[in-house]
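Accompanying notes for the structure given below.
Note that the chains are named A, B, C, D, E and F in the order they appear, and that numbering of residues resets to 1 at the start of each chain.
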């Protein structure tokens, strides 16, 4: 394994000074119900593995990248009628990320990749990036997710789901098999809007998840497997590593990344 | 024309009391450069026409809908290297919309449609809706745009563009023909990211618009026409009107809109 | 008419670069009930006309002035017991104006005139200016209103009123005659404080407008006319234009405007 | 002297329970330069005396009024080019007053009189009152100043001044004669705006006080006397006491004070 | 007495310019119930005397120190079930102090001593200092209290108490003997947590003061005397003066105070 | 092991509903340099183990307690001259904790124990608790740390240190032995204030850690051992478990915990 590892929590100050990172990965997990078969930490566990794997691959290719600890509590207002959908407010979340990114910049980071493992964070990470776009004293920031896996890897999932379906079950079978309740895997129900116009994808709104996925996970999970989980995570990690290498190698310029 | 018209600025207090709106449309315009051929008010002008048209159509079908004045200054951090890309901050914008929506709720509105005429607002409107999802004392909020036009109408545009292209030029030829500089219509250049991984749609970031569309408008405009503009606006208005009618007629329920 | 016109929404980026504005006008409208005879958009409509007229006159005299779009939703807490007294919060409003002024400064504006068409904004615009007075990186900011009309012009109004009286009715007859309900013009009632000491002008408080002007407009309106409206607006516009010319021509100095 | 005195800092908890105040006075002082002859605490000293005197007079007439300690540091951005123009920010100041008023309300106060001894606070106190007007769970708030003195008393001042003139010198001769430097009393210079339009009272802006009153006090001070100071303070105190009595006696009502 | 005195409110602008302070004392009082024998202003009165005394002693030794007016309203959420425990919010308080410290820095102060006379402020002053530690453009800030008295002086107090006991009664007998109700001096009751683990000093929480000191003062007060009060204040003032002298004399350095 | 485990991330929604927690543990870690021998995640790793161990012990005794994921990024302004002292701002941190505590309360938690593993958070957690003390709609909140270990266990540490000394090295040898660089264990230098008065414990300030512990860890580490680490953590966990049991069992009451 390359040294320093790039895993921030596991390095010493000497490791850090040797690495002198110019790219940072900030992984976003989440803690909220994922149905009867999967643990509340599902998003955190899988994102943590993906972020570290991508970082190590990028380190092997020489990227000066550092991976922050995975933030375990992010946004979940939409799930608030489930118990312990842990959350901070939208403005708090933006402040958390802003503060962390400012620290990274002060320590030499010029590009940040937010690795988002929780769909509920998407718009707000977007809003945060747009907020930072007003400033010249912050790094370039981009965001991606497990969606970086290749189409082939993603196609292994037979039953797509936004939350707690085959894909997330496969991830957990790979990263935390001890926590998967196999006897509870099921084809969980999903609701939808009653107004026809609201089903038009050109209209967007925050769905009430207690009505959208009533058992807090939705869709058919029983085709999940650790193999699928591993394949997708490996594919995503490889592509993210390439992004990290590009980010680390690209020279600074006024119009970056153009 | 049905009375009251539903156009808030044009009604009196008596009109309002007669209408007793339960749905509000909040149109979002923008004021920022749109290249040498189109005015800075492009987004505001076209959104204002679309919002009012949809409102009038919905009123004809009995919807208790009120259309707010179009907000002319929204988000433009990405365009800040162009002159007079008018803007408020991301947090300010969220506060503006929150305050207006709270007023609407206090006055009986139970569903709000944000009609967004400016792409730079997308994520932040999403973040706002997610913020409001923490509360029980606000209306249901959804967002749409001119993208509500039918696929057939949209297909009239031969050269798609995100900003200041054939579509927006067509809109202006319909709504403010006096302001279109026909001699400046052109095939305006567009840039792109130099890092291959950043062209993957699974990675998102705020593009520097001065590099993305160097003359502040991008793409081929010369096939624009008032007829196209009218057709698309009419199509979008009709579909939005249907949404407004559905929103006005649907009973209140705990899990609305499910 | 001089080119570029100075009307921001109507100009292109090339116009803006030619004009290179050093003065900005930010007009503040409002949307709130103005009684049975006048539309909710009364403040916005009249302020928009006044701001554009003054800008054009100043442009004719060479001022490098740009007129922003009129903000249609400002402060109305005092009117909140009327329906649809549209409003943002005091802190939100201060942030909106601060953000817009910062943008103007970044683009070369060194003097800002806030043209306030709504009495409910007075103190808060004052507080905003005082807040900005802590900074060196903002323009000089001043505020005025239709009160810039000459004493002669103002004296045409026979029945003064703070809200929705002869003066505002005259304005609307001039700028939006289609929206005036002539059959509803009346001598509308006005209330006052019951405590004698509170009638002393040395004591100030926010009046509850539902008690102060119970029908949401106060005073005798029936002597209103389009002629009066035009005369006052023309007079105010001429005086504001002179102010804009002076602001544009005065050299920058540390102690400006002293 | 009536007991309890109404002077909050001087009472015990038993006094407070006996008094059960329904009206509170919140005096606003300031600490900033007042020229070579007067101390920085000028505004605080005179306001403290006035507030306590008015409170005692109102207590003698049975008002259930409590006088808060005088806040010594308020707003002074306009004076920031003088040394030690002590200040908090505009938003901080609004929060301070809001918090204090909320405490008073929680303890039974239903009417608040802000007694403002510093001109730099005027607009922001107005903005604060307008902010509070959005809420039903706060007291009625009004504001006044030494301007409550009778016209006769005020007319004793031969040379009006906004800052550190005959009036303030007279106050200090009465309340803190030990701190007045008689040898430094003078006719201090005052500046004015160089642009003619900015001298029109219909235009408002924050004056740069280092240019407006270059020695940090302005106008002729040498006709000041303790007698004048006492007479004005006594007159203002009497009128303020009457206001406090009215505020304490008036029944609660939905539309108070109408 | 040395001139200028260092007491900010009592100096003129000329005094200030002569002194050119590089150290500031910001005294924090409080206004809240202190039981039946002591006034609500207890904390403010004693802190004001201590701060001024220490400042004068430091001035005699040449320190360029300025003493701000004592802030009379600080934090009291823990006491909110007593009447008129005057307070601002934690964030407001941090903003107040930040703003004042920024002003001091702008006027040449490089070291600030917060002299805290109210235990309820301790953690928040600590949090404030930690917040300021993120910045290079603020003074060095430290905090102390009457706890600076020598062990010998402090040992004169026979019955320690956190609030309104022998120590505070002694202070008041010295600084405001007119306000002490000798007939109400008593051994006031004190409560404690019912859970054994919460009595472990390694666990901290905000105690509900209405249960902790039910009459709003706790412990035996009857051995209080003005002599004790004077001795402790004199001792603390002498030690604080030494600190102020050291702060004023120490050269500026990057790692100050190391 | 008792089921459900109480470890939030590892439970499913069904586990949570079975447990119905009334007590929550919120562990605070930190990511910042701990010298050449220990990893940046030191605080997080040890706090995570301690929190989970205490929770499991409390669960064995029937407490309805849930342990949140350990927050890995908290406060570090004092360490900002070391690289990657990861941090959020003081206000952000208060908002994070407030939001999380509000969520816990909404889901039935009535007592919260913040388990703080990072000294830099102490005052701000205190300030947060004081902020929450203004509200009736939040749980009782208390805070503790590894300092809950018995005096006997703590006495095993021969060389006390505030940061990265024998105690923390012993913890890491127990919880993450793979990350300890035994060859780098040393007696690391510690600085101190140069002003004598600043060494008085009655004066507090934020120490510049780059001067206080120049290699980012201070004191003699070489007597550290996994046995010591285990003994202290076990002792602290046992005492914290007792606290959790008491918190879970105590009935709700108005004056809790008195």
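The working rule: contacts are C-beta pairs under 8 Å (C-beta built on N, C-alpha and C of every residue); 3 or more make two chains touch, one makes a residue touch a chain.
Only a predicted model underlies this, so the values are computations on that prediction, with no experimental measurement involved.
The set of chains touching chain B and also touching chain F is given as A. Matching CA atoms, the turn from chain B to chain D amounts to 120°, rounded to the nearest 5. Taking the mean of C-alpha positions as each chain's centre, the chain lying farthest from the centre of chain F is C. Comparing each option in A-B, A-F or C-D with D-E by residue number, the pair that reproduces over half of the contacts is A-F.
Remark: chain C and chain E have CA centroids separated by 48 Å (rounded to whole angstrom). Averaging C-alpha coordinates per chain places the centre of chain C 56 Å away from that of chain F. In terms of their C-alpha centroids, the spacing between chain E and chain F amounts to 30 Å. Touching of two or more other chains is recorded for residues 80, 89, 91 of chain D.
Interchain contacts close the chains into one ring where each touches exactly two others, per the touch definition above. Chain contact summary for the complex, chain E toward chain F: residues 75, 77-78, 80, 89-91, 94, 120, 122-134, 140-145, 147-148, 191-198, 200, 202-208, 210-212, 239, 242-243, 246-247, 250, 255-258. Across the complex, chain F meets chain A through its residues 8-14, 16-17, 31, 33-41, 44-45, 66, 68-73, 80, 82-89, 91-92, 95-96, 99-100, 103-104, 106-108, 179, 181, 184, 215-216.
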